[in-house]
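Below are two complexes that have chain A in common, paired first with chain B and then with chain C.
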Partner chain A sequence: MNSRLIKYIILEIIAIIIAIFWLIPLYSMLINGFKTNFEATATPVLLPPKVFTISSYITVWGEMKRPLINSIIIAIPVAFISTIFGEMAAYFFYVVSERMPAVSNTGFSIISLATFIPYQATLLPLIELEASWGLFNSYQGLIFALLIFYMPTAALLMSIFIPVIPKYLIEAARIDKASDWTVFWKVVFPLTIPGFLATMIFVFIESWNNFFMPLVLTSSPSLRLIPVAERAFTGGYGTLYNDSYAAAVIASIVPLVVFIILGRYFIRGLAALGGGAKGV
Partner chain B sequence: MAIPTLFFSGVLLYLVAWNVYLSFLNWSLVNRVPRFVGLGTYSYLLHQYFFKIGAMHSAIFSLGLIAIGNPLGIFLAGILYFLPNKFRTVMVSIFLYPLAISMATNGLIWTWLFNLHLGVDYVLRLMHLPAIPWLTTPTTTIGALFLVEVWAYTGLAVLFYLASFMGVDKSIIEAARIDKAGGFKILFKILIPNSMNGFIVSTALLFLFSFRLFSLPYVIGGGPTNLNLMTLVTYLYYLFYSEFFSASAATSVIVTMIATAVIIPYALYGIKRWIRRE
Partner chain C sequence: MVKVKVKDLTKIFKKGKNIVVANDKISLEVDDGATFGILGESGGGKTTLLRQIAGLEVPTDGYIYFDEKVVSAPNKIIVEPENRNLSLVFQNWALYPNMTIYDNIAFPLKNLKMPKSEIDKRVIEISETLNIKQVLKHYPREVSGGQMQRAALARALVKNPSLLLLDEPFSNLDAQIRDSARALVRKIQKELNLTTIIVSHDPADIFSIAEDAGVIVRGKFVQIGNVSELYNDPISETVSKLLGDINIVEGEVKGRTIVIGNLAIPFDKKIDLTEVKVGVRPEDMRISQTETIKNYVNIGKVKVKVSSYSAGIFKLIVSPISDESIEFSVNSETHIRPGIEAFLFIRPEKMKLFDSSGNRIM
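After this line comes the complex of A and B, so read on.
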């Protein structure tokens, strides 16, 4: 056997061992919700259940059902609205950047700030604003707050995806005296569909998983979103881990399934934040 | 066309400005009618024990993640680079899946893994290794959170370094192979020196993601008051709920300024490379 082949095999083994470590939390989440109460008090979280039961899922379902629906009501419009308007803004910046680089530099800095700012730092003014506009503790209030951060995020991602379009296509449409609106819908939008999907899925997963905004902007239990609802099962007083893990599965099943089926789009979105639209 | 985004970005800037204004007051539970006190609230904050603890923990979690995430990312990306395409894609997904799950869920999963009787300690005891007192002593609590953080965010560094490595001209690698250069030599002499981009963006994003960690310390620490896991971000939340409004705003301003100092250079770097493509 040649030495290069042996090296490859060693590398693969190392990679697989590390991957197994990385998967332990996912594995424990998936198996432990199926344990009986007795097993959850007596067996470690790393051993699979001997008897499969869905009783934990039935126990937590009552409290997780409404938050699951709420999260769907919030995350889908946030993802869609953010991405469509974010792409429009990105195209605007793209057009402006040739004539006025200072404007696009400022715009890009501001949308980056909105994307990466520790959003918790807006806590006090955000609550005051939402209270004075009558948005506090409502679906509209949650959507509004998430749009403050995720519409700029979408604009940032789309600003990275749009310049990949061959410039002459946009120039050609412009020479034909097409308006910016027509160029956007007939040329830019159709050519950026993969980037559009990547952005929309990225924003969907981020807003689904956001824990802080629903924690501070809602007070009635009927408006609870899923990451907050799940915290009731974190453990401590009298909670068994089969219930915790069943709640965790219900909370993450939607983003996980999206990640498994459309993960390449999510990864493309992440990769764009660090390396532009080329690469992965 | 850009009006909705400009509107929401404007709201954000307005919130930031409002925070700055509030931080110059002395508004709190005991001062219902706030007065302008200039930098008074800031000097009050700097003498608070919790503030110092929070700042220290924020520094540990952010700088620590940069210090570990970067080399670990290079190491893993270095392995993945030499693997076949399909296998590599699966591995990248495995390193990134923690980011697809809510950090609140991740915190919940790990809280049970840190359980002294039923968690990973069970396996350690089986292997006759010393069990770790995870969430029961201050030092190991910080270590436990740090471990979760590395698990959750290292995938980002792997992705960015891998993208940098893949961007290196294949003909250079082929030439090196013909000269009988081994994998290590290719990694250290060609790939790593050509991945400045990976280093810059990994460092910036690892910092920004760890600096705004909230759900992990909140869930693992059992609320915002766990002193062992208090960061600047959980501290400002704690101040808000104990109705030290101006102090909370001042902490927010400090957090925003530190983050902005990283975000603006990142934005200018990004616009040059990815948008103007210079």
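After this line comes the complex of A and C, so read on.
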């Protein structure tokens, strides 16, 4: 009993140390945004502000408002569409895996490959394609490009969650004369909601944080997304540190809120990855 | 309803280098409105046969006909399961956990695009028949096993199928409610004159539901016939065991008697073998202190080892006094104390003889 207690304490201490390491940048981001620019440059980064001011938030808000809205306009449809289509693809592969294993395996390999190719490598053809379709420098163009990369990711993730549904339920639904569409929406989808939400949160945060795509696929400042706008604060002539920190906080708020509201599904989904996952 | 015909059906599963022949040239015919039971050990290929009839599994070879119409051909499903107008009650009932019992039962009707009022009428009607009206608003996880089973049955019957397939539908039920569930299925089957195929490893399911049955051993039908014929005239030791309790004991042939320890069973025909297996069902044996019982033959003295009770019958385990390792299970009308010695009687005409490899010789 005693040795178990000691073990527990040691593990707990290790966890606390890791948590502190992880929290340091977050902490400095939070406190430095409330300093004046002079204090942010002159005082150590971990020291709390002597004079508490929200002036930098007020200055930054004006510039971050538009990118914040842009990012929401982009990230929500990307997360939603790629997860829905990803789940449909995963369901398709799950159903055909028995009757046509060759189709399922080949399709699956292609999807996996798509998620492993660095998207920088496909940049030139993508820009050419978007330019010729008139999608370059537009919301649709950004959504399209992000969908290309996150749909396979979502399909891959969902194909870990889908096999949790017993095959006999799908068979029962077929015998009950349900069409594939009905089977998907009435049986498969309701039973995979935790996995669906986990995947959607993952894709949402990935596309929210994506810096490269909006950087190269947009040129007008009105289309800037959060990561690009944030980068603009570290200008070529000098950095306004307190403003950068405040902008970073604003940039993090949406993913943070999403995670706080839906985080338990994310954790539950991850737990399913460890335990119930099979057939991948 | 529908007549089901299966011809030379073969199903081979290949998993890597493993090849499993689940069904080997199976043929059978189930007439319109008839009930057929498929009996066999687990892993014997019963469920695979049923799944092929349902259209969930593609046959490797052979044909399945519904009313002379081909529904499955080699490596091909010609009529998809959703168009076969059949219902399948799964072993674990396969109720949709995300729907209430009402929605579960209504699901096949909604898929038929039936008007809401008609769906409501039918669901209420069937749930009254099956006595689950009070749980319609509950989810499957909130109701008892018996109610889940009846809900699955209701879902199967509500769309008026022409063929009902049952895959071990009673094995997940408590013993007390199993009999009433069997009686209910049989009653509905008779009322609707519904062609029914039931798969089970439990002979009680087959006896209560099916008129005819086939016994599958390692993917092959070894015997097909009326259920009482299968029970009384099994072609092999395996079949006799699958159809119910039976004592199988090795005996030595000495002239016109079979000797088992100190027991001697007189036999009026000549047997060429020196060793046989004697099969007698517990109900065809009795034990008594008196030396004769009408219609029974006294075969010698035994000692009662265990005396138990189940479902209105006292069950005894007895051994010949010369050899404790040989055991017979015998039914008795009264309780008999273990340790007592008595005479063992059998009904000679009910005795079955098998050769050493289990084939029936007499």
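What we mean here is this: the second predicted complex is superposed on the first by the 256 of 280 C-alpha atoms of A that agree within 3 Å, B and C clash if a C-alpha of one lies under 4 Å from a C-alpha of the other, contacts with A are read in each partner's own complex, and residues count from 1 in each chain.
Simple rule for what comes next: a contact is a pair of C-beta atoms (placed from the backbone, for glycine too) under 8 Å apart; a residue touches a chain by one contact, two chains touch by 3 or more.
Because the structure is predicted, anything quoted here is derived from the model rather than measured.
*Asks:* Putting chain B and chain C onto chain A via the overlay, clash or fit?
*Replies:* Fit: chain B and chain C sit side by side once superposed on chain A.
*Asks:* For A:62, using the defined touch cut-off, is the partner it touches chain B, chain C, both, or neither? Pick first, second, both or neither.
*Replies:* A:62 contacts neither chain B nor chain C.
*Asks:* Considering only touches as defined above, state whether A:155 meets chain B (first), chain C (second), both or neither.
*Replies:* The answer is first: A:155 touches chain B but not chain C.
*Asks:* State whether A:147 touches chain B only (first), chain C only (second), both chains, or neither.
*Replies:* first
*Asks:* Per the contact definition in the header, classify A:18: touching chain B only (first), chain C only (second), both, or neither.
*Replies:* In the superposed model, A:18 contacts chain B only, not chain C.
*Asks:* Angle chain B-chain A-chain C between C-alpha centres, in steps of 10 degrees?
*Replies:* Vertex chain A, arms to chain B and chain C: 100 degrees.
*Asks:* When the two structures are overlaid on chain A, which partner does A:116 contact: first (chain B), second (chain C), both, or neither?
*Replies:* Only chain B; A:116 stays clear of chain C.
*Asks:* Go through the superposed model and pick first if A:233 touches only chain B, second if only chain C, both, or neither.
*Replies:* So A:233 only meets chain B here.
*Asks:* Given the superposition on chain A, which partner contacts more residues in chain A: chain B or chain C?
*Replies:* Ranking chain B and chain C by residues of chain A touched puts B first.
*Asks:* For A:174 in the superposed arrangement: first (chain B), second (chain C), both or neither?
*Replies:* Second partner only.
*Asks:* Quick one: smallest Cα-Cα gap between chain B and chain C in the superposed arrangement, Å?
*Replies:* Once the two complexes are overlaid, chain B and chain C approach no closer than 10 Å between C-alpha atoms.
*Asks:* Using the touch definition from the top, list the residues of chain A that touch chain B in their complex.
*Replies:* 7-8, 11-12, 14-15, 18-19, 22-26, 28-29, 32, 43-46, 81, 85-86, 88-89, 91-94, 97, 101, 104-105, 108-114, 116-126, 128-129, 147-149, 151-152, 155, 159-160, 163, 180-181, 184, 205, 208-212, 216, 226-228, 230-231, 233-236, 241, 244-245, 247-248, 251-252, 255-256, 258-259, 263-264, 266-267, 270-280
*Asks:* Report the residues of chain B in contact with chain A in the complex, numbered from low to high.
*Replies:* For this pair, the touching residues of chain B are 1-2, 4-6, 8-9, 11-16, 18-19, 22, 76, 79-80, 82-83, 87, 89, 91-113, 115, 117-120, 122-123, 151, 156, 159-160, 162-164, 166-167, 182-183, 197-198, 201-202, 205, 208, 211-212, 214-215, 218-219, 222, 233, 236-237, 240, 245, 248-249, 251-253, 255-256, 259-260, 262-264, 266-268, 270-271, 273-277.
*Asks:* Could you please specify the touching residues of chain A with respect to chain C in the complex?
*Replies:* 99, 166, 168-169, 171-179, 182, 186-187, 190-191
*Asks:* For the complex, which residues does chain C have touching chain A?
*Replies:* Interface residues on chain C, with respect to chain A: 54, 56, 58, 80-83, 86-88, 90, 92, 94, 96-99, 107-108, 111-112, 155, 159.
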